[in-house]
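Letters A, B, C and D name the chains as they come in the text, with residue numbers starting at 1 for each one.
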């Protein structure tokens, strides 16, 4: 990967704090005029040490810890973990619980894709599309809140099942929401494929061939926009996906425009899926009892997050705490595509290119937690404060 | 000094900024800022500490915002603000006004180039590039009514437009379009906001400015907004004869501008330049040719 | 299901020349223990046969059991490859004393980020890595402290708050 | 290919109520299932401490005043709580409940976020004891008698 930036070039740093990035990450683009000639990445600014922290918490506590890896796709993280733990513990989860998990996952996909649409539009300076798509995203946020009690961390999963049921009143509300969102989404599809100013910013930008996508290990919509049919929901159905099959949406374009199209078309598939799940919600229990200790073993749990394949590796030593949890988030796979594809594009295309893969920095950065004593931390802040005061008194 | 002098222009600029922001917000289905927000922003910025970055020419750094605002305010003197006769008027004041209007943009470009910051430098390059692209079509567009009126004096053109409103509006539609969109380019409003695209280069040329300097630049832009609106209204919309006339016409233009702002994705700087030279310049030239033709034949509606 | 097991069978066939041990922990998984030297060749063979894509690199710290010498601990690198529902894990065992593994970047460019994380967190030397600067750890993080090893339970001293005037 | 394809939206919203609201002036009520502040019913509690075991953020402490007569005070740290409702799931006597009130958690000081739940006389007794024990630092161990 030849993305080393030469020292003497004119380098435009983007991040750690930059208006284009809603989360901290650091990119260096070396430019000649407006054209990018090299790119490199440095992560870790929001590294929270979750994988290490997991080793000192019990499985249930970890459920909520891992849910907080990401504020957008919180549910898939918890789902991946619970599915893995249930595999290790050999639990038979009731079908209704699996269906509700799947439903929440699909609703989350709607909210994530609409969020991405808004962010990407904003990066392209199309604030009106940004405002409207986020307004409509509020519909699904409100639905999630009324079902689960929280807009972001739905905490639907417990080990062995789910916490809450979908009653008729909520079923109707969800169906109404889908009925509202479907024509709106169709409208957005028209806008992103029809508006000339928008197409001028997306078509032919960040093109990635199928071979490149496969070589660089792209996942999720980024890969599917390059024609790679890769979707865990289809390849290795989990939860209730065996009962509710998904049609994979792909596009051959490979550029930014194709990524827009794929994500929006996936929304239609999701609406269909949500309706189908609601129509055929299996009756029964919501959860089975799980033991606190999980039998020793190693397992791999893969789920399809809105951004692509989410990979969990779990190792239990037979205690009530995990021995190792490895999380590989989809964003991490897609980084390589940015640094490779960036070269040769205009600087103005970088924010859109970055957001084109729907990056999630907090998903990337998890690992190390630093156990600082409370006092010492206060001291260092105090030192910093004093330094600041002295600096200004000069 | 007060009416229609500097303070009035500044106050009107703030009000117009608010109207613009409010309109865009409403078009995007948002609530938008309350009426005192621009004033509050201004007061806050003025009260803030001004940070001088290292490696700048200090006198230039402090002087440029002042010059920019002064130039914008001076231009206001030649404009029939709010329908009153301009404070100063002489033959050829249109040329002076147009040059003075460009001073603000040049000041911003120089201010960006003055600092070492990379975002500022890129922003400055883009600001100046954009200026060179819209300036010529914008000038040509304003020349149309001037040629029709046979005068270089803003006051006389205004009077001519008032006398023959339909002549100009009908025969010079292209000119009106170019002038209006040129105003948006001048003010770096979306979709021509590549020079200050916050998702790419933070605040462009203004990145290193804070506090007073930034406040003055912003004020300058507000003044420029109202001047440009007045110019376009008085040249193309049948002149401005009284305050009510002024309000209606400029607010109408502002509404159109707000709609245009919210309809498009940001153009890259190369797309902006391409658009202006390929389409803008062409339309403006066609407009001038039409004006010549009509003047030669002496057609009136 | 049949498809998955045939895929795993193919992988087994490809890897036969180098594998030290096979296990099938679950129906859709194959776990292959490889000597560290053979990793790159084996991955190249997989790549040539177009089997799967590189999904993740998991590090595991296996400290020496109580009573044994602490140097007897191992770091395990688990290279996961996925194809459809099949998950193939290539396992290399690296003793603390010689925690070195060859970089896969030549074969799979996207392995860089995982390898950099692996080497930072476990103190494994990734040989011939095209980029060895820090990816995740803070700039003032001490050398030779590897946070994901089981022996790590927090820094004793907080990193000194050094602030330089720009 | 067309220009300004959002023009319909833009014009319609000129005559529509904005979707956003002036927040502190207008507020929307939380939905019925909202996971807000935890509510504790001391009468039903058996003191099994299962809720504490699985709490991911150590937000609840159970102070046992008298185990035999079931005198418990629950110290709830609202600022630490992640509102996951795991304690509600764990509780077998359904003495814990998530209410849908109070979702604005901003304050100048931390004290209002420390909530004591229990029978009135127990809480009063505990407060007195804390005040007597130390004037200032209100740190008492969770298993204080």
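Basically, a residue touches a chain if its C-beta (ideal position, glycine included) is under 8 Å from a C-beta of that chain, and two chains touch if they have at least 3 such contacts.
Bear in mind the structure is a predicted one, so any value in this text is a computation, not a measurement.
Asks: Counting C-beta pairs in contact, which chain pair has more, B-D or A-B?
Replies: Most C-beta pairs in contact, of the two: A-B.
Asks: Where the centres are mean C-alpha positions, what is the separation of chain B from chain D, in Å?
Replies: Roughly 53 Å, centre to centre.
Asks: When the centre of a chain is set as the mean of its C-alpha atoms, what distance in Å lies between chain B and chain C?
Replies: Comparing mean C-alpha positions, chain C is 60 Å from chain B.
Asks: Which whole number of Å gives the spacing of the CA centres of chain A and chain B?
Replies: 42
Asks: Which integer distance in Å separates the CA centroid of chain A from that of chain C?
Replies: 24
Asks: Return the residues of chain A touching two or more other chains; collapse runs of consecutive numbers into ranges.
Replies: 128-129, 132, 135, 195, 197
Asks: Going through chain D residue by residue, note those that touch at least 2 other chains and give them in order.
Replies: Correct list: 3-4, 6, 9-10, 19.
Asks: When you check chain C against every other chain, which residues touch at least two of them?
Replies: none
Asks: On the basis of the stated criterion, which chains touch which? Give every pair.
Replies: Result for touching pairs of chains: A-B, A-C, A-D, B-D.
Asks: Under the definition above, what is the set of chain A residues touching chain D in their complex?
Replies: So the residues of chain A touching chain D come out as 57-58, 60-65, 67-68, 128-129, 132, 135, 138, 142, 145-150, 153, 155, 158, 163-164, 187, 190-191, 194-197, 199.
Asks: Residues of chain D touching chain A in their complex?
Replies: 1-6, 9-10, 19, 31-35, 53-57, 82-86, 89, 98, 100
Asks: Which residues, counting only chain A, touch chain B once they are in their complex?
Replies: Chain A residues touching chain B: 10-13, 18-20, 34, 121-129, 131-132, 135, 195, 197-198, 200-201, 346-351.
Asks: Looking at the complex, which residues from chain A come into contact with chain C?
Replies: Touch residues, chain A against chain C: 1-4, 42-44, 47, 49, 51-52, 87, 214-217, 230, 235-236, 297-300, 302, 309, 311, 313, 315, 324, 326, 328, 332-333, 335-336, 340, 365, 367-373, 376-377, 380, 383-384, 387, 391.
Asks: Using the touch rule from the top, collect the residues of chain C that touch chain A in their complex.
Replies: 25-26, 28-29, 53-56, 58-61, 78, 80, 82, 84-85, 87, 89, 105, 108-110, 112-114, 117, 121, 130-131, 133-138, 147-148, 152-155, 157-161, 163, 165
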